[in-house]
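After this come two complexes, each holding chain A, first together with chain B and then together with chain C.
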Partner chain A sequence: MEVLLQVLIGGVLLGGLYALVAFGLSLIYGVVRILNFAHGTLLAVCGVAASLAFSAWQMHPALIAAMLAPLLFAFAWAYYHLLLRPLAARNHFEGTVGTVLVTVGTLLILSDLTAKAAGSTQRNIPLRLPALEFGEIVVSSTQLLILGGIVVLTIVMHVLLKHTWFGRAIRAVTQDGVGAQICGVRSVHMKALTFAFGSATVAVAAVLYVLSFPVDPYMGFGLTVKAFTIIVVGGVGNLPGALLAGVFLGVAEGLTGLYWKPEWAPALSVIAMLLILVVWPKGLGRSA
Partner chain B sequence: MKALNRLPPMLGFGLVAALAALPFSGNAYLTTFAFSVLIAYILGQSWDWVAGEMGYVNLGHYAFYGIGAYAFAIVLVGGSPFWLAFVAALGVTAIAARLLAVPLFRLHGDYFAFASLALLPLLEVLAYNLTPITRGADGIVLPVAQVLQPAYLIALAVCVLTFAVTLRIHGARFGYALKSIRNDEQVAETVGVRIAPVKRRVLILSSLFGAAAGALQAWQMSYIDPATVFGLNVALAPIAMVLFAGSGLRYGPLVGVLLLASMQQWLLVSVKGFQATLYGATLLLIGRFMPGGFLRAKWVRRVPGLAEFGREHHEHAMTAGVQAPAKAGGELPLKTLPVDGARPLIELQGVRMQFGGNVAVNDVTLSIRAGEIVGLIGPNGSGKTTLFNCISRVYTPTAGRVLFDGQDLAELGRDGIARLGVGRTYQIPRPFSDLTVQENIAIPLMFGAKPLSPRDALREARAFVDYAELGPRLYDRADALSVQEKKALEFARALACRPRLLLVDEVASGLTPAEVKRFVEHIRHVRDRYGITVIWVEHIFSALEQVVDRVIALEQGVLIADGPLDAVVRNERVLATYLGAAAAATQPSAQPMLIQGVA
Partner chain C sequence: MRTIAIAVAAASTLLASLPAAAKLNSCDGPVVFGTTLSETGPFSTLADRWRKLTEVFAEEINKSGGIAVKACNKKLPLQFVIYDDQSVPATAVQLYEKMATVDKVDFFVGPDWSSIGGPVPPIADKYQIPMVMANVATPALYDRGLRYTWGTPFPVVPNWSTRYFDMLTKVNPKPQSIYFITHDNPVMKGITASWSKKAEAQGLKVLGNETFSPELKDFTALIAKVRAAKADVIYISSYDNASVPLVQQMRQLKVRAMDVHHTMLTGALARQVGADIEGMTGELSWYPGVKGAYSELVETVMQRSNVTMFDYIWTLGRLTSYLAMVQGIEKAGVVDREKVREALFKATIRSPAGDVTFDERGFPNTGAFTVQMQNGKVNVVWPPEVATGRLAWPSPSWQQ
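Let's look at the complex of A and B:
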């Protein structure tokens, strides 16, 4: 029973992190109409960097996140302007395959360079905070920290999207890019900012992830696939939907590991996606 | 110039002959290298049937390669002879493709691309973990030795077949179905193309060639493991090669594979370490700077000899060769339909279309006799186009029945309704943009109730093109036309569906009075001469009043008036909601200003 509970808690946390990754991806897709295949790889790279920073200087994870996020923001902003924006001027087919090749190329480069620089072994942040006891149930404060991080980040994103002009502009561009432009939204600027912002959220997710789960340079694409499954199920730009789908996936993976074999867990998201497409073709807010 | 045009075929024969001689030269290194190029061409070109021709970017094409390789290896290890294992590989992969087509084709565009790519990690996990069958990470060692020569020759034969299939697809009805899907699936359906089986078939076809490549590669290497056949770091190479030179071009895949595979081989030999980075950088640069392919660049056009490799498929012989004389007199190759005034051709019974809480068409019941011209009027947003969409099954009505010549349309798809005899235009013209005017019109002729061969269809299209006065534009791409020409093209394309009922959606709005007049004449002519029943959505009353037998007025999805034009424009509800009370106030006696508007 205790094992099951631990697996469930782990699953919820993992799922929450999946949802954060997915939400950054879906925010970007909604506004920029680019599927960033390197999105999950950003988490892998940041996770490795955070782990290195922690073991070298014993920095607090929150500080690491606060440093990584602006770095990633700047990197993604420049990346968008240099490599992706010019493709928007091409026709649809060329734009699609162009962005696929650019982002997959980035994925391969990032993974390879990270592995060359830091080795391809699995890493984490071995920060162990004292455990908290609630009667029978023992919860580690690390897990609480992660949960707190997920909740805070989700609330921040929600407030940002619903109650600021930046968020309204994002939603406007998501729904109708040209319309938003006519109303004075600087759409290229918005796209660059959204791309950068969506990528920067990954830095925070990465630090939370590496606190409890191991990362390696090549894990990124698997994560991107999971994030995409979550978008297919939860709908583009739908925060509660992503959270629900993410937690469901995290728990399902945990249970697969517990009752069957953990090595099957990575296949779960793709199988789930294919099944959902067969039995539930309309999805939640997925348009043709 | 003629000699230059024959250059590629001559080069081709020479190339094949030289390649066939290669394995007998005794140079194993060169043969192995050429073998890898052949495999890459099979993969790249078979990918391009789905991507370049149909517009579906299948990033998981390598999955078929891997499934083929594994099926081949497993059957061969089981003691079967080569040919049995090869056939088994093709069969298993085709079945897998057929099954995967169901979920994958629920998706379009970027979603399709991503979901297809997600197949690779899934299959990799399966290959690693189904150890009793696949031997997991250990991989499978095949019981063969020294098969480079036969493997090479079979691969060369498959390559030639791949190229032959490519040529065949370009000129076949199947190819035109793919091209119509690439441009606009919905329009393809409403001109009679059955898209679902076409999509399935092309995926299965491309999977067969992917499987052949996988099986041959496994045979030649005599070893496979999950990473070599499903790894993300190899899977996109053939795709990048095709894009590098030009997807959708006849020689694009060939040229791209030859150049990039050579470069890859050189890198493998001369660069140690950072290979994944280099490979990634190559993908990135191709994606950033030439996703359309360098063969489409302007400078290629200016180089004699090279220009031939960069020609779009419609610039090749097949289409351009079908010459048809311009016809005088404006006769269309259409049968004259019997005009039976008593019988309703189309009947709507309580048709309702609801989007969430918004009722766009609210229990509309109407009946139109064969040979009538009916105007459909109403304010913007009153449900006129939605009503058309309910008839041509772009939408499935929430409730009610649509009967065409007594037959309930509920059972039929969009293509079936088109073949039954419903042609339509769109309010915002939707021609097949990257096809020529001639091809645009030939497609409904190829997929109608009496399908023509592409050659006959292209010839017969000429009459429709002349009817629409687009003769000088015959070989121009549709996206190069002006708005007026696009509307004329759509009208001609709808006629090429050989319709009994023609749905015309605001074809005259935004046009000059002279252009409007021509449409009015056309609409009258197709009814008087060929007995085609017409429903015409239009706001220009001066145009309507010249041809319509009666008008139907909609308001907020509700039918509010049905009768002769001059009676309907005096109808109080029509005045209040559509023409405006002002029109009634200024001229209380009879016709509102609008009617004389552009006369």
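Let's look at the complex of A and C:
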């Protein structure tokens, strides 16, 4: 029983982390309609940068996240305007294919540049905090810290999207771009801001991720696949759905390791995505 | 006219930069070893400083005159032809063909990794050039009836943990049980298969074996099972990078044991897991301070080329491939490929980590020392006669 409880706790914590990675991607796809294949790679690059900053200057992880987020925001804003926005002028097919080519190309280039600059070996933030023990159950303080970060970021994103002009504008653009434009909302501007904001959340996710797991420049695509799975399961643009889907995936991976074999756990996300696409093509959650 | 002059000058420069053609069965010119290194590509993190290492090795050998050749009644200088195989087997094959036919080297040394050790040795047989491979540890690659190939990987799978398991029989309190955690990789699975049998044979109860994929990041389920089993010894058979999150999460989830043993306790692992590595035991082929044949030479070469054994754990295998060929020539007493081949078959090769002998396939008997991380440093703790530190048993950091 203790073993099962331990695995469930671990699964929830891991799932929260997965959900955090998926939030930005879900938001971007929900509003800008771009499947950003480089999303996971952005996390990997930020994770490497965070690890380097920690080992070089012993900076607090929260400070590293606070520094990386605006940098990533600016990068993503410029990236959208320079490379992705021009594709909107093409027809639907060319625009879609072009988006895939640009984001996959970015994935490859970012991975190679990071490997060249920082090496291709894994890096992490070896911050060791005391664990909490409840009988045979152990809860890692690091993972609790990560869970706290996830909760805070989820609340911030929820408040931002539901109770601010920015959030209302995003929802307006999502529901009716032309109508929003007539009402004074600059759709293109909002899309660029959403792309940049969704990408900036990756900086926070990266720092939280690298506190628990090592990252390397080439691991991004696997994370993107997990984030896609969560979006498919939770519903596009649905943040609570993404959180639930993340937890579902994390717990499912944990139980696979417990009752079957740990080596099958990483493959589970792909199997889950395929099953859900077949059984519930629109996902389990509501679409935004 | 100017173009012709430039072309002639360029050709002359190129020719001058090539090694002097080796003269087999003669006493003129240097003895030329041909080798490739994985200076780029996925294996480069293990070998990116070995060009300098190889050049310094030749310099140090030549300081004393070179390789003693009895038939010449003098020493002949050693020279290397070195190429980057980019960690790609096909590139390595092309380069060894080139070294045999264009560079016309006398002998081959050093290709590393089983992926390269598979396709390259047939070239040695084709051109009848003796080859001492370095870090090619898969026994099956020596089972192909090759006549010109030997290997000096440190350690080989059947001897990987010989000294560690010997230590387990002599420590107090004596461990009663062991749990294996295995990286899903042929070499690591081979180590577990071999050592779980030997563990049972020496009376240790094997409580389980969990295999994990290198992509696995969350080890909670695996660790929960290991914790519940309460094994005295946890034996991690894994490459260093793949097990980083495992080691960290074992600490976070308060795994306790008399000892946690890692088959590749390296500088890369230590850098990534930080203080979590404290108290772990592992294997190291050799460590400066452990005295043996050629240990001073090897220490000097490593020092001059800025290579540490803890960061480049396969270095002894590489240097021993050079030492084996040098000793093979000295034992043959002549720069003759067939005579050197005969000498290597019968030879006992001396190395800093002890004598190396080969079986009829060219497979060696190499082993490793048991080390323990103590106060951030790696110390040889077993066997006691060569120890650089005293074994802490049970490991204090894994008892907390």
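Brief remarks on what is shown
The working rule: the second predicted complex is superposed on the first by the 266 of 288 C-alpha atoms of A that agree within 3 Å, B and C clash if a C-alpha of one lies under 4 Å from a C-alpha of the other, contacts with A are read in each partner's own complex, and residues count from 1 in each chain.
By definition in this document, a contact is a pair of C-beta atoms (placed from the backbone, for glycine too) under 8 Å apart; a residue touches a chain by one contact, two chains touch by 3 or more.
These numbers come from a predicted model, not from an experiment.
Superposition note: with chain A as the common reference, chain B and chain C can be accommodated side by side. Once the two complexes are laid over each other on the shared chain, residue contacts for A:95 go to chain B alone; chain C is not touched. Once chain A of one complex is fitted onto chain A of the other, the partner contacts of A:255 are limited to chain C, with no touch recorded for chain B.
By the touch criterion defined above, A:174 reaches neither chain B nor chain C. Applying the stated contact rule after C-alpha superposition, one finds that A:263 touches each of chain B and chain C.
Of the two partner chains placed by the overlay, only chain B lies in contact with A:104; chain C stays clear of it.
In the overlay built on the shared chain, the residue A:26 is in contact with neither chain B nor chain C.
Using the contact criterion defined above for the overlaid structures, shared-chain residue A:36 touches neither chain B nor chain C, since it reaches no partner. When the two complexes are overlaid on their common chain A, residue A:222 makes contact with chain B and with chain C alike.
When the two complexes are overlaid on their common chain A, residue A:194 makes contact with neither chain B nor chain C.
No C-alpha atom of chain B lies closer than 8 Å to any C-alpha atom of chain C in the overlay. Shared contact residues of chain A with chain B and chain C: 222, 261, 263-264, 266.
The residues of chain C lying in touch with chain A in their complex are 42, 45, 184, 210-213, 215-222, 224-225, 227-228, 241, 244-245, 248-249, 251-254, 268, 272-276.
Contact residues on chain A toward chain C in their complex (touch as defined above): 2-3, 6-7, 9-11, 14, 119-124, 126, 128, 131, 133, 136, 138, 140-143, 212-214, 222, 250, 253-258, 261-266. Contact residues of chain B toward chain A in the complex are 51, 55, 57, 59, 100, 102-104, 106-111, 113-115, 117-119, 121-122, 125-126, 128-129, 232-233, 236, 239-240, 243, 247, 273-274, 276-277, 279-288, 291-292.
Looking at the complex, you find that chain A touches chain B at residues 29, 33, 35, 37, 83, 86-87, 90-91, 93-109, 111-113, 116, 221-222, 225, 228-229, 232, 261, 263-264, 266-267, 270-271, 273-275, 277-278, 281, 286, 288.
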